[in-house]
Amino acid sequence: MTLPGTERTRVEILVDAPLVPQMIALLSKHAIRGHTVMPTLSGEGEAGVWDDDLITSAQHKVIVLVVAEPDKADAFIEDIRPLLDSYGLIVMLSTINVLRPEKFA
Amino acid sequence: MTLPGTERTRVEILVDAPLVPQMIALLSKHAIRGHTVMPTLSGEGEAGVWDDDLITSAQHKVIVLVVAEPDKADAFIEDIRPLLDSYGLIVMLSTINVLRPEKFA
Amino acid sequence: MTLPGTERTRVEILVDAPLVPQMIALLSKHAIRGHTVMPTLSGEGEAGVWDDDLITSAQHKVIVLVVAEPDKADAFIEDIRPLLDSYGLIVMLSTINVLRPEKFA
Amino acid sequence: METLLSPVVLFFVLGAFAALVRSDLAIPEAIGKGISLYLMVAIGLKGGVEVAEAGFTLELLVAAAAGIALSFILPLPVFVVLRRVGKLSGVNAAAVSAHYGSVSVVTFVTGLEILTRQQIPAAGYMVAVLALMETPAIVSGLLLAQRYGGAEPRPMGDLLHETLTNASVMLLVGSFSVGLIVGKDGFSSIAPVFEGAFRGVLCLFLLEMGLIAAKRLREGKSLTPRLIALAIATALTNGTLGVLLGAAIGLDAGTAAALGILAGSASYIAVPAAMRLALPQADPGLYLGMSLAVTFPFNILVGIPIYIWIAQQVVR
Amino acid sequence: METLLSPVVLFFVLGAFAALVRSDLAIPEAIGKGISLYLMVAIGLKGGVEVAEAGFTLELLVAAAAGIALSFILPLPVFVVLRRVGKLSGVNAAAVSAHYGSVSVVTFVTGLEILTRQQIPAAGYMVAVLALMETPAIVSGLLLAQRYGGAEPRPMGDLLHETLTNASVMLLVGSFSVGLIVGKDGFSSIAPVFEGAFRGVLCLFLLEMGLIAAKRLREGKSLTPRLIALAIATALTNGTLGVLLGAAIGLDAGTAAALGILAGSASYIAVPAAMRLALPQADPGLYLGMSLAVTFPFNILVGIPIYIWIAQQVVR
Amino acid sequence: METLLSPVVLFFVLGAFAALVRSDLAIPEAIGKGISLYLMVAIGLKGGVEVAEAGFTLELLVAAAAGIALSFILPLPVFVVLRRVGKLSGVNAAAVSAHYGSVSVVTFVTGLEILTRQQIPAAGYMVAVLALMETPAIVSGLLLAQRYGGAEPRPMGDLLHETLTNASVMLLVGSFSVGLIVGKDGFSSIAPVFEGAFRGVLCLFLLEMGLIAAKRLREGKSLTPRLIALAIATALTNGTLGVLLGAAIGLDAGTAAALGILAGSASYIAVPAAMRLALPQADPGLYLGMSLAVTFPFNILVGIPIYIWIAQQVVR
């Protein structure tokens, strides 16, 4: 099955809300300008159960969605590798097709 | 790696909230009946930074998620191509497997 | 195009909010400990249009996102197959790459 | 008529109108949920404070028993009618019948407002009756589904736990108890929020309810004219039964009317969520359509005045 | 000066300050939306109750006609200036001009507060004028876009439906009508929420507005100094025209000032959403930047006192 | 005992009860956040208005200095005990100690309520002390983490900016200033919202806090009996130190008690977010568990009455 458009790497990072600015700073270090932040409601992992209770955003998680050229995405991934454990990140990578490839250079 | 189920095209369109009805009208023009709208929190692109401040939904973005047969999805994609720039759409395409393929004809 | 990381199955289940605990119980039956729940805003399908009006969570839908080893995911999928119609589930399967594969065993 | 011109009812009409002309007016989900929690706390507190003043009475116990009995028993005739006349499947008929045995907090609160306006207030303990009537109908509905609908039996323990700890029961009983403990004196410092603001906030909530009910009526796929007629007939019958039972056990007119309002109302918050969980094969479009899009507006606009009128006739 | 020290304005300044020092202070979206719905209901009710007291008058009709005319006509000169002086494209100039013909509810409400503090209250019917001025400018803006901007014509029926049923029009007209029907007596039971709480809630909303306006000013990419100057000049000109027209048709000082505030204000809720839909090729950064980040704070801090001062000079 | 029967505390107990019996009761996130912003604005305004009445005094300065000193210094002994007795890692001990040096706004507000009920009110300026105590502990905690936990040093400028502009500091200091400027007269028009509604809204917030604290206690994986004991002992020790320091610098009983409540309370809003950012390797389950699930309920139910009692003994 072939899809219309051009291939790009889709990176999804599940991260605690207070650390999002740090992620965005890392993105711009790799000249990746675009991203979209998406909400989540609750979850469970090795560190236990969490949900979006109001009291503090310390454990409130969001997903940072980034579409980028494969090379840039790879370089970015290498840079966040050391943070995976301490920041408790979940990273999902896949290949998708986009319609205006020049926007995701 | 083979997945259970049947292949379909997954289309995700990041679009400003006021334009969602237009997208849905286009979907039904192509006889694609199903869709799901998902929220986002904030983002950055060439047009700058935005977040979901309350005052107006004019720049509030959502993701319209559509699963459809490849042919229908292709035809739909061709139809929104001319809108990409003026509407400022981001479109992501991928192939996924679904369990009740007859629902996504 | 090759992506960094290790392949895993990504399962996304669109399900009514009151049925989420049941889904999670099924996951742990298959020794899948991790999941993330994501919100949605509205949608349309054969059963008609819905949106997240406040009055009851009975028809409020969320997406349960699960990353798991292919074998575990397959077994889980077999288990929810009989529920697809009565629970009105939409299930999307894809293969993604993750960075800390041992977390998604 | 005068009832229809109270701000509370007018805001309901405004919301319904906005939905019918397809306005983009919408109240954020979190605000609606927040208001509905507020209303339950306020009504619970008020009831508790009133009972703290009046003391526990035999009347209270009798009214409570009547309420529980209504909630348990009403689903049965409703089930039979829905199967025979409404041609619903066993599971669907059982799910709908649970809604009609249970109660609608907002219908009750609107009824209290109207009773107060008409100077025939209901007894404070009716809030406790409201809380007690929320859940027995769920049990009846599920038993019907198991016996006649082929639904798999669920462990009774789970069911009991879910129904006893559901959010509305928790809030109503909890704030009723707080009201009982703090009494009139302790209440005075929080009265500006829970008493002074009550009617105004109720207006905003009924605006939202009008929007939701009319939208659902417009979009509802599962609603046939026959089912709409049944949703109205059921409300009227149950409401009348409630008033008569109230009169029979010796309640005053306002309190008997309140029991009628409870009996005639149908749940659209707690019971749908419970049914989605326990009877996933039942059609939510059906039970939400009947209770929320038909019975609720019918009661606000027509039913409540009727139940009050009947109560005034049969009690003197 | 004294105006600047009212709590309402001080909270606006606090919000703007927090955004400028990049504080992480943020008000949840649902709360902001909820408050803005509340303010529209409260202001609508108040206006309706006042008109119920005062009766419909010829003055009301004249003021309404003046408001509608301003909303229709003001976009034209604004469009010309934006094209010539501002060097905007046809579509962008049309979209911005629609914002300046329409009105800002919060600017109006803040103006009413300040007028009340200064003991020169505006007539209650101005709420109706506010509602009437919301949408004619949208029509003018779209016609300009079609004639001079090459925008595709949209079916007039759709357009009319959207503008007449938009949420603010619905709420303002709806609660104005409720106020008219229930009158002073019916209002008293809901007054604690819609009158007593009004000023305090307005403070919280202006805190939020300060945050949003200053954040947008900080991040705004589309705003050049030239456009900022135009946003201020347009407000001042329109506001002055509004006051003069008000004086000419014989309104008292407070009411003429209110018409000036309406004319000088620019929409940033209803019109941007309508423009995003009808003219997607226009730049939202531009029209939201000018109306929300420049004109709104200018009016709150400087414009309102000026319009009031002019009204006091020309009306006696 | 009488304290435990105030509506505010009873609602806390109700929330905790609901969480312990696993009710599905939940307050929408946006509502909870909105209420917590409201409480900060209301308490800030009240403090500002009171200081505007009483004037700036030497006492205020001394109390402020004492508060800042407590916030800076308390993390040190806490750190040592957590390492030695609690067997925590350097980074974790540092992160937790920052929470205990800082303060909890809701604990403070609940304390003020109880002091007012008991007719020994604290001075209005304590709100300013509350705001001043929020952040010094964050600096101490990070310095401890760098010296003894191997955490990488962060630029002090960033840190200072983040702590000075964090939302609670901004709101408390900002509305304190607004209160100071508008004084009693300017406040009266917004008093229905920020004074009249205060206690009622606080009830709803403590309902929510009870839910959250008990849920976290139930689910908390990182909490051992030893750490629970330490969380209580630390609150008691810090609280007692605060009262004694207050008495030593000559504060009256109510004000000394308030200083004790501040010292004994632990942050669970601002500090956790700052720690997640600055010390991501520290375990949030640990510091939120101790401050929110143990120390907070302990203070509400037991700690506050004890600190008040001590204050009444040592001050006369």
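In this document, chain identifiers A, B, C, D, E and F correspond to the written order of the chains, with residue numbering beginning at 1 in each.
The definition used in the following text is that a residue touches a chain if its C-beta (ideal position, glycine included) is under 8 Å from a C-beta of that chain, and two chains touch if they have at least 3 such contacts.
Labels paired with UniProt names: A, B, C = Nitrogen regulatory protein P-II.
Fair warning: this is a prediction, and the values are worked out from it, not measured in the lab.
With contact taken as defined at the outset, chain B and chain D are each touched by C, E. Any chain bridging chain E and chain F, meaning touching each of them, is among D; the list is complete. Computed from the mean C-alpha positions, the centre of chain D lies at a distance of 40 Å from the centre of chain E. Chain geometry summary: the mean Cα position of chain A and that of chain C are 19 Å apart.
Chain B and chain E have CA centres that are 34 Å apart. Multi-chain contact residues, meaning those touching two or more other chains, occur in chain C at positions 38-39, 94-95.
Across the assembly, chain F contributes 27-31, 33, 192, 196-197 as residues in contact with two or more other chains. Chain contacts here follow an irregular pattern that is not a line, a ring, a star or a complete set.
Pairwise chain contacts present here: A-B, A-C, A-F, B-C, B-E, C-D, D-E, D-F, E-F [touch as defined].
In the complex of the two chains, the chain D residues touching chain F come out as 28-31, 33-34, 37-38, 41, 161, 165-167, 170-171, 174-175, 177-178, 181-182, 186-187, 189-194, 196-197. On the chain B side of its complex with chain E, the touching residues are 16, 18-19, 22, 47-49, 52-59, 83, 86-88.
Against chain B, in their complex, chain A makes its touches with residues 1, 3-5, 10, 24, 33-39, 62, 67, 94-100, 103.
Interface of chain F with chain A (complex): residues 27, 29-33, 36, 208-209, 212, 215, 219-221, 268-270, 272-277, 280-281, 284-285, 288, 292. On the side of chain F, the complex with chain D involves touching residues 5-7, 10-11, 14, 17-18, 21-31, 192, 196-197, 199-201, 203-204, 207.
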